[in-house]
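Here it is, the structure in full.
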Amino acid sequence: MIEIKNLTKTFKVAEKDKGFWGSVKGLFKRRYHEKRALDDVSFSIDEGEIVGYLGPNGAGKSTTIKIMCGILTPSSGDCKINGFTPWKDREKYVKDIGVVFGQRSQLWWDVPVIDSFHLLKDIYKLPKEEFETQLNLLVEKLDLKPLLHVPLRQLSLGQKMKCELAGSLLHKPKILFLDEPTIGLDAISKLKVREFVKTINKEMGITVILTTHDMNDIEALTNRIIIIGKGKLLYDGSFDQIKYKYSNIRTIEIEMEEDYGDIEIEGCEFVSKIDKKYTFKTADKHFKLTSFVEKLSKKYKMYDVNIDPINLEEVISKLYEELGI
Amino acid sequence: MLYFKFAKMHLKKMTQYRLSFFLSLLSQAIVSLAALASMYFLFDRFNVVEGWSFSQVAVSYAVVYFCFSFAECFFRGFDVFARLIKSGGLDAFFVRPRSIFYQTLCSNVEFSKIGRLVVSLAVLVYSCAIQPFAWGVDKIAVLIGMLVCGIVIFLALFMLGASFSIFTVEGIEVVNIFTDGGRDLCQYPLNIYPQALTKIFTYIIPFACFNYLPMMYLFDMPGVTIWGNALAPLYGMVIIIPAYLIFKWSLKKYNSTGT
Amino acid sequence: MRAYGSIFKIRFINTLQYRTAAFAGVATQICFGLMYVFLFTAFYNQGNAPSDFTQLQMVSYLWLQQMFFAYFFPLDQNKNMIAQIEQGNICYELVRPMKLYNNWSVTLFAEKIAKTLLRFLPVLIFAILMPTGLGIELPASVGALMLSLFNLIVSGMLIVAMNMVCYCLLFKTMSSLGIFSIYATIASLLSGAMIPIPMMPAWAQTVLNFLPFRYTSDLTFRTYVGSIDITTALIQTLIQIAWLVFFVIVGKLLMKRCLKKVEVQGG
């Protein structure tokens, strides 16, 4: 369904000279250097998949999404989606995709949501009945009824996101691009968004490509992740595998009765110290808390001990670290 | 048509802030009245300029302002294209199954400019009515041609400005030289300026085609010809072709560079 | 005093960030300068020019207008301040150890100067290099130059003081865009920004003498070009200062009343 081969995108970046005369010079003569935003990226996605597209800021995530949406033309490489090349057959191609940018609304700020939907109907040239059925379906699934006649600006972030999702699905796209759909949402709204994405994927068979910084989104929605860093594809595979790889990492927090300064101890890495609260980390599979505490208690007086398994955010930051991005 | 549906939405948006909209409308009207007033002051002192009287220049003023405000009102999307780029709104156009040109056209209708439109229309009707000659079919046709040509030329200028803003969003002020500057300058007959300037405004930015040249025909100035004066609006409209091509080309550029 | 200095510095650096915008501004100002010089020269060529405003003086006046375009802009819309008023965030400003009136006027003044410093010099150089009749002339006398510099500074303060009154009135209407642009248009016309006041009919000039607007740019430029003699200029400078004092008092009183309202309502 989505076939991406050797996608490369280079940008020319103007080198700016400093100072007044430098910028005067820059008006007439500019030197450029090339920046590779995407470097030989290939992957493919099957119909009905949900794929998490991850990477730190500036890794090339949004460049890829922009190319896949037909906003940008790549420097080289190929991208076939639904049999179309996005930037060549843009107008035909985009009828089959839906896009939600988490940070930017596609609906009208000052008018009731339903009016925006009707406008979308005309933009996509949807037949009336088809539009009505799809709208009713989405309204029911997302519980939009009370929101339809309210101007977008009066809605909460979570409500807005629900409307954005509905707006991007009115024309029954086969593929949905979600760019940070849960950014800034409260916990309940996040859950609802995830629930909905799962439903449309299962019931309507929509392929979903999602970028996010929230690993819980990934955890809830998919097992396949693609990681990109500095423009290069670094990992394409299952999320569970990565989680397992780092599952033995644990954090130990100890509150001492006194401030002992930095503490070095075998078998555990000293991470940080805030006042009398010490944090240690270990990746040792055979690590035993009891023997560790015993060792410590010989030298220091402890007040409280707490052990945490690694959380998802740490998994990904660990992974980025390891991949060198 | 989609454009009218968009226009309805823009109107709906404006009515959400009724007082603000009303005040903007008023302020737009005052802007054109102030321009008219300064022109009046000038003629109060100097009476004529290079053989053109106040009532004649008033027609010129009204035509230029009418065309400019019409374009500003209904083709506002191109006029404020830089904002569209900055806000990321342009990116969103690419994921919709309509042409970027059409979506830009629809993206903004600035109804408050109707304030200007009404004032300039009133001045146009009045100043045409007080002309000493009779308005034959030919002259009315030329006048309509002037209005259409003017609107097309301002649209073309806005499109060129939009193309320019793809290359530098920050430097967009320069475009005002041609739009606002052209408007201010060309409300007076072009023969008062140095030759070079007249040539620029005839052959490069064809303001003369909807204003100076056909107006000489309206006022039966010496040496006018059908081909050179009455039909000038037709020549002027040609500018829309290069403007459209440049707009297309700069969108391609946007496609390959992003922002 | 130091706090005002640092407000000034931040505003200035902030404006300096946009270099391309500054270049575009210079180019625009130069082109507009040339266009208006050509336009008004054409009228002067018809004869019947005002006796107290020669063609050379008129051209200098026009270039000064372009050089100080940003400085004499009748109403600077500071988005930050407007937002604070409209959204009622103004109560946060009250926690700061600075008088709001002073803080805002320094901000407005600093922005004015920052915008002007970036643009006026290239325009001036261009205008000097232009041949006689198209470029700027030397000031009428050393005294005229000194006095016009003084006028320039007071004018800036006067415009800011008038702007402060506008901002205070915004508290009441809460609809900035329309009102502000109506004010800006009218003030432009009445201060001679659209056509120089000496070219206006006598009755209009008389009326404008009784309004504050022309005691900004018009007075400064006319002192410089010598369209009014030094004695008249001195008298008008006193009027200018009187207007400044008047608007500062009105502005401060209005602000006090507005802030009281905010305190009572709790923002």
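Residue numbering begins at 1 within each chain, and the chains themselves are lettered A, B and C in the order written.
Keep in mind that, in the parts below, contacts are C-beta pairs under 8 Å (C-beta built on N, C-alpha and C of every residue); 3 or more make two chains touch, one makes a residue touch a chain.
Small disclaimer: the values here were computed from a predicted structure and weren't measured.
S.K.: Which chain lies at the heart of the structure, taking centres as C-alpha averages?
M.R.: Centroid comparison flags B as closest.
S.K.: Farthest chain from subunit C, going by the mean of C-alpha atoms per chain?
M.R.: Ranked by distance of C-alpha centres from subunit C, the top chain is A.
S.K.: Please state which pair of chains has more C-beta contact pairs than any other pair.
M.R.: B-C
S.K.: Taking the mean of the CA coordinates per chain, how far is subunit B from subunit C in Å?
M.R.: Subunit B and subunit C have C-alpha centres separated by 29 Å.
S.K.: Quick one: report the Å distance separating subunit A from subunit C, using the average Cα coordinate of each chain.
M.R.: Subunit A and subunit C have C-alpha centres separated by 49 Å.
S.K.: Can you give the whole-Å distance between the Cα centres of subunit A and subunit B?
M.R.: Centre-to-centre distance between subunit A and subunit B: 45 Å.
S.K.: Which subunit C residues touch at least two other chains?
M.R.: Answer for subunit C, listing residues that touch two or more other chains: 23.
S.K.: What residues in subunit A touch two or more of the other chains?
M.R.: Answer for subunit A, listing residues that touch two or more other chains: there are none.
S.K.: Among the residues of subunit B, pick out those that touch two or more other chains and give their numbers.
M.R.: 17
S.K.: Which of the residues in subunit C come into contact with subunit B in the complex?
M.R.: 18, 20-21, 23-25, 27-28, 31-32, 35, 38-39, 42-43, 45-48, 50, 175, 177-179, 181-182, 185-186, 188-189, 194-195, 199-201, 204
S.K.: So in the complex, the part of subunit B that touches subunit C is made up of which residues?
M.R.: Of all residues in subunit B, those touching subunit C are 17, 19-27, 30-31, 34-35, 37-38, 41-42, 44-50, 168, 170-174, 176-177, 181, 184-185, 188, 192-194, 197.
S.K.: Under the definition above, what is the set of subunit B residues touching subunit A in their complex?
M.R.: These residues of subunit B touch subunit A: 2, 5-6, 9, 12-13, 16-17, 87-88, 91-92, 94-99, 252, 255-258.
S.K.: Can you list the residues on subunit A that touch subunit B in the complex?
M.R.: Residues 11-12, 63, 66, 69-73, 75, 87, 90-92, 94-95, 97, 99, 101, 104, 106, 108-111, 115-116, 118-119, 122-125, 151.
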